[in-house]
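What follows is chain A paired twice: with chain B in the first complex and chain C in the second.
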Partner chain A sequence: MLRSIQHVENQLSQSCRHISTTSTLCKNRAGKTKSTTNRTQLLTYEMAQKPHHLGVRKSWLTWHSQNLEEFRQSQPLVVAQDEVVRRFIRGFFPQNLIVSGNEIVIKRRGNVLIVAGFLQYSRRLDIRRIYWMFGFAEEFLSILLKQPVKLELAFVESEKDVAYNYI
Partner chain B sequence: MPKRKLRGQTQLEQATGRAEMKTRSRTDLMDRLAQRPPRSEEMDADQKWSDVWPAARTFAASVVPLPVRMGSRPNTEKRAPFKKEGNLELVKIPNFLHLTPAAIQQHCEAIKKFCTPFPPELLNTPELAKTELPISVDYNTYVHQGTNIRDIRSRVVTMKVQVAALKFSEHALEKFARLAANRYDETTGILTIITDRCHTRKQNIDYAYYLLTVLYHEALKVESWEKLSARADALKVDFDGSTTKSRLVEIIEKTHVDEKSMESFGKMWNEYRNTEETPEKTREYARRAKEILGLRKAEV
Partner chain C sequence: MIGRVGLGRVISRSLSTAEPATQSKITIQPAIERSPTDLLNALSETVGPDRTAPHFAYIDDPITIPSTQNAKKTYFMAKEFGKRAARELAAEWPTLFAFDRDQPRLPAFRPQHHPDPLKVEPTDKNLLEMIESRKVLDACMLYERMRSENIDVSEKTQMELFRTVAYYNSQNIPFSEWSEWAGMRNYGEYSNAEWKSGGVADLLFETLPRNDETVSIMIAGLCKFSNHSSLSRARELFKEHKAAGGKLRREAFDALIEVSNYSVAKKLIQEMAEAKINPSVRTFQALLTSAARTAKFEERIKAFTEVIGEMQAVGVEPSLSCYYVIAKNLIDNNLLDKEKRESEENKAKYGRQLTVAVSWCNEIQKQIEEKNLSPITATCNLFFAEAMGIHYRAANVQLAENLLSIYESKKNQVQMPAFTVESTFYNRYLQLIIEQTSSLTKIHELYKSMVPRLVGVNNSLSALVFRKLSASSDKNWALLRRVIVDGIAAGQMNGILGEEMRKQLCNVQLHVRNHCI
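Let's turn to the complex of A and B:
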C-alpha cells in the first residue's frame, strides 16, 4: 500500500497541466424520437409534440407567476422547489410511475403548491396504503417547502392509457 | 376434432399477435373488489354539480361526466383528438368547473345578507359623491403566488379630500394651502395625501387620517405673529391696497366713476393677476381698463 502511495506521489510530481480538447458535437436531438420497426415505442402527448409546439399545442409542466413583470421574482427558488418535488414523487411512488415520472405537473396557486399528473395501478392498488402515502407525501413536502402542498395525482390503469401514439 | 381452437393454436396466435389476449380478472378477491366503474358513469342528470366539484381543483376524468377531448391531431377526421382519460393537457390547464353559473348564484345568495345595496342616489347622480363623500381612500391589492404571498406595495395608501367640504375661512384656507404645499391642487380643490411609511395598510390609513386632522386644526389656529404679515407675504395679489387701485382712485376722482364699476373692475383685476395669463385675458383687461377710464372702445 505504501508503495502504491509512493507511486501516486511520483505520478503527481511528474504530471503537468494539459488542456483537453474534443471536436464539437453539432447534434440537435431535442424532440426527436427514434421509431421502432413494429411500432411498439409508446409516445405520450407530451413527448409527441415538438419543443417548438410548447405554448401552442401543449402547455407547460410548471405553472407559476414568478416571471410576471413588476412582481417579486424568485425563479431560481421555483426551479429548485420543482426539482425537489419531482424527485420526491419519483422516489416515493416507484411502482406507480408512468413514463418514469417525467410528466408531473406542478401548479402554484396562492401559497399552495399542487402536484398533478398520472400514476398507474401497479400489481394491485392498496387503497389504504396509497391514501397513507398521499398523506405522508403532502405532509412531508409541506414541511419541507414551508407551504401547503396538495397531491392531485390521478390513477390510470396502465401506461397504455396515456399513450398518444406508437411509433 | 373439437370445433373450438386448440390451446396450442390460440397460444400461437397470441404469440404472433393475430389473436387478442384476453385478460381475466385475477383470482385475488381484493383485485376484483378494487375494480369499480368511474364515478362519472353513476351520476344522475339532475344532481347538484357544485356538491361534486365544490372548489377549484385539477381536472379529474373520472369525475367530470362530459365527453371532453383535448390535444392536436394532424388529421382529426381520421382520428379524434386525445380522449379525456389520461389526458395530461386537461390536467395542466386551469379549469372553471367550480364556477358554473349555478354555483356563482348560490355563492351570491349566501353572501347577500352581509351586503347593503349601493345608494341609488349615487347611481343617478355620480357628482353627489363629491359633496356627500368628500374623502376617498385608494389602495392596491396584489394577488400573488409563492411561499410568501405578501406584497410590500399593498401598504401604500392614497387619500383624496375635497377641501371645500372642510369649510375653511379665507385665512384658514390660505394657511392650509401653505401647510399642504404641493399636496393641495388649487384648480380642482383636492388634497392628496400619499402615505407609505408604515408597514401595514391599516397603519397607513390611520396615519393619513391623523395628517388630515392635524392639517385641519393647524389651519384653523391663528398665531400672534400672523398679524405681522405684510402685503408681500400673501399667496395671492389683492386689488385692495394695490398701486393700481390708488392710481385708479385718483383718476376716478377726476372722471367721476361709480362704486359698482370699480368693484367689477377689481374682480376682473384679481382674476387677471392670480391666474395664468392668456391673450384673451390681456385683451379683456385692456378693454375694461379703457372702459373704466372712459376712453374710446378699441376696434377689433
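Let's turn to the complex of A and C:
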C-alpha cells in the first residue's frame, strides 16, 4: 500500500507537460452506420441520408431563425432549450420512443415552440393516458420555457414503420 | 432582315419618346382606403374549417381521433387534467420553473396558489382581492375570521362581499362560470342548490343598513336559489320594503317575476311601470319563463303572444334566449315521449301543438334571419338546438336548412359549445336529412362532412343509415363501408348493430364491379 503511494508520488514528481504528437484522424465518421451480416440494422430516412445531404435530401431537426446572420441574439439559449425539450420528451414518453427519441423535430414559429416527430404505441395502448400525457407535457414545457409549446407527435404502430432501409 | 426590323423598332421607340404629347397620360388611381383588418379578412375568406379533420383540441392521428360523444368527453377531460396537474406542480414548486427570460413577464406562465384564508393577513385589501377573484368560500372564511378576531371590515367591502355571496349563495362559482378550463365549464355537473339560510349572506344582510340596493340583492339571491321558504321570505321582504316606501331595483323585480306564476308576474310588471322602472330583455325573459309555467297549452301560447307583443310595443328586441324559452315550451312535456302519446286524443293534441310550434319557429327564423345575432345571456345558444328539435319532430327539412344557414352565417356570433349542444344540433339535422332524403349519394356526402367531427357516432344514427341502405333499391358501398368503419371505431360490433353490419355485408354483391368502388 505504502509502496504504491510512493510509486505514484515518484510519477507525479517526474511528470511534465508535452505536446501531443499523435497524428490527427482525418476521416469523416459522421453519418456512417455499421452494417450487419444479416441486414437487421434499421435505418430511418434521417439516418440513411448523409450529413452532406442536409438541406438537400433531408431537413434539420431544429428550426429557428437564430442560426441566420444577424439573428444570433440568443443562439446558445435556443440550443439549451432544444436539449431541455428533447430530454423531457425522451424521459416522459420512454415506452413510446422510436430510435431512442433522436429524431424529434423542434420548430419555432413566432412565439410558439412546436415539437414534432413520431412515437409508437406502447405495449398497453391507453388513449386516455396519451391525452393526459400530451396535456401535461404541453403545459409543463410551456410553463418551463415561458412560451406556448405544442406537441405534434404522430403515432406509428412500431419502430418498423419508420424503417427506410435495413443494412 | 431581322437587324432592320430591330433598328426600326429602336427608331420608332425613340420617336415616340420624343413626342410625349401623343402618348396617353397615365393616371394613378386613388388608393382604396382599407381598414387594418381588411387584409386579414380577405385571407380568412380563402380558408374554412375542414370538417373531416378532428377538432383542434384532439391529436390529429387516426388512433387518437375520438368517434363517439363519450370518447370526445373522456379525451378532452384527460388532456385538461394533464394540464391542470402540470400547473399544480408549477404552483407548488415555482423555483423549479424559474427560467425567467420573458420580457415583459408573463403571469400566464407563472401559476400561483390562491392565498389561504386562514393564513393570509386579515385586511380589507386581501378580502377585496378574494372577492375580485371570485373565491367565494375563501372570502367567507376570511370575513368570519376577521369578525372573530374583532377586526373592522369597512362597509364598502362588506357590500362587495354581500353582492358576491348573495349571487353565488355563499358557495364557490359554478363550473359554468369557469373561464380557464373549458372541459369543466362544458362538462361540469350543475347542482340546483337551495338558499343557504343562516349563511354569510344572511349575516351581512342583517349587518348592513337596509336600503334599496341591499334588499334588492337579497331578494334576487333568494329567488335565484329558490325553495319554498326562501321564496316566501323574498315576497315578505318585497312587501315590507314597499310598505316602508322603498324603491326596489329592476334585478329584484326580474327575479320575482321569474319565480312567480303568470298572473302575479303581470301584476309585478304593472308595479314596475308604476315605479317607473324600465324593463330590460331580462325582465321579459323572466316574464316568458313565468308564462311557460302555465299548464294549459292555449293559455300558454296566448301569454307568449302577449309578452312578445308587449316587447314590440316597448321597443325591446327579444334575445335568442327569449326565443329559447318559447321554443322549449311550445309542446307539452308529457307529449314529447312517443310512448306517452299512444292514445288517439294525445296524438291529435301532439299534432296540433307541433303545427303551432313549427309556425312559431318559422316566424322567429324570419325575424332573426337578416339580423346580426350576438349573445345576450348564457342560454342564447340553446335556441338553435331547441328549434332544430322541433323541425326534426315535424320532419321539416326546409326550415331545418334555413336554421342551419342562420347558425352558420357570418352575421351570427352566438355559438353553441362544441361537443355538447352543438353536437345535438347537428345530430338532429343529420338524422332529419337522412330520414327525408332518398339519394344515398347525398346521404353519404352529408354523413362524411359531419361524422365524427360534428356528430359523434351513435346507435340511433348508425341504425338509421342501415335502415336507409336496406330500404333503398340502390347500393352504396362507400356509405356502407364508412358506417361500418365508424361503427367498429365506436365499439358497436357487440350487439344488434354488429349483427346488422354482418347482414349488410352478406348482401353486398361482390361480383358487380360498380358496387365495389
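The criterion applied here is as follows: the second predicted complex is superposed on the first by the 134 of 167 C-alpha atoms of A that agree within 3 Å, B and C clash if a C-alpha of one lies under 4 Å from a C-alpha of the other, contacts with A are read in each partner's own complex, and residues count from 1 in each chain.
Following the convention adopted for this analysis, a contact is a pair of C-beta atoms (placed from the backbone, for glycine too) under 8 Å apart; a residue touches a chain by one contact, two chains touch by 3 or more.
Keep in mind the model is a prediction, meaning the values are calculated, not measured.
With the C-alpha superposition on chain A as described, chain C and chain B clash in the combined arrangement. For chain A, the partner touching the most residues, choosing from chain B and chain C, is B. Legend: residue contacts after superposition of the two complexes on their common chain; A:Val162 is shown touching chain B, with no touch to chain C. In the superposed model, A:Ser122 makes contact with neither chain B nor chain C.
In the superposition on chain A, A:Phe71 makes contact with chain B only, while chain C stays out of contact range.
Of the two partner chains placed by superposition, only chain B is touched by A:Trp63; chain C is not. By the document's definition of touching, neither partner reaches A:Gln95: not chain B, not chain C.
Of the two partner chains placed around the shared chain by superposition, neither chain B nor chain C is touched by A:Gln41.
By the document's definition of touching, neither partner reaches A:Thr33: not chain B, not chain C. In the superposition on chain A, contact of A:Gln147 is made with both chain B and chain C. Annotation: chain A residues 77, 121, 125, 127, 145-147, 152, 154 touch chain B in one complex and chain C in the other.
For chain B in complex with chain A, the touching residues are 28, 30-31, 34, 56-58, 60-62, 71-72, 82, 85-89, 91-94, 142, 144-149, 151. Interface residues of chain A, counted against chain B in their complex, comprise 44-46, 49, 57-61, 63-66, 71-72, 74, 77-78, 103, 105, 107-111, 114, 116-118, 121, 124-127, 145-147, 152, 154, 156, 161-162, 164. Partner chain C is touched in their complex by these residues of chain A: 77, 121, 125, 127-140, 142-147, 151-155. Listing the residues of chain C that touch chain A in their complex gives 59-61, 63-64, 74-76, 78-83, 85-87, 89-90, 97, 99-102, 106, 109-111.
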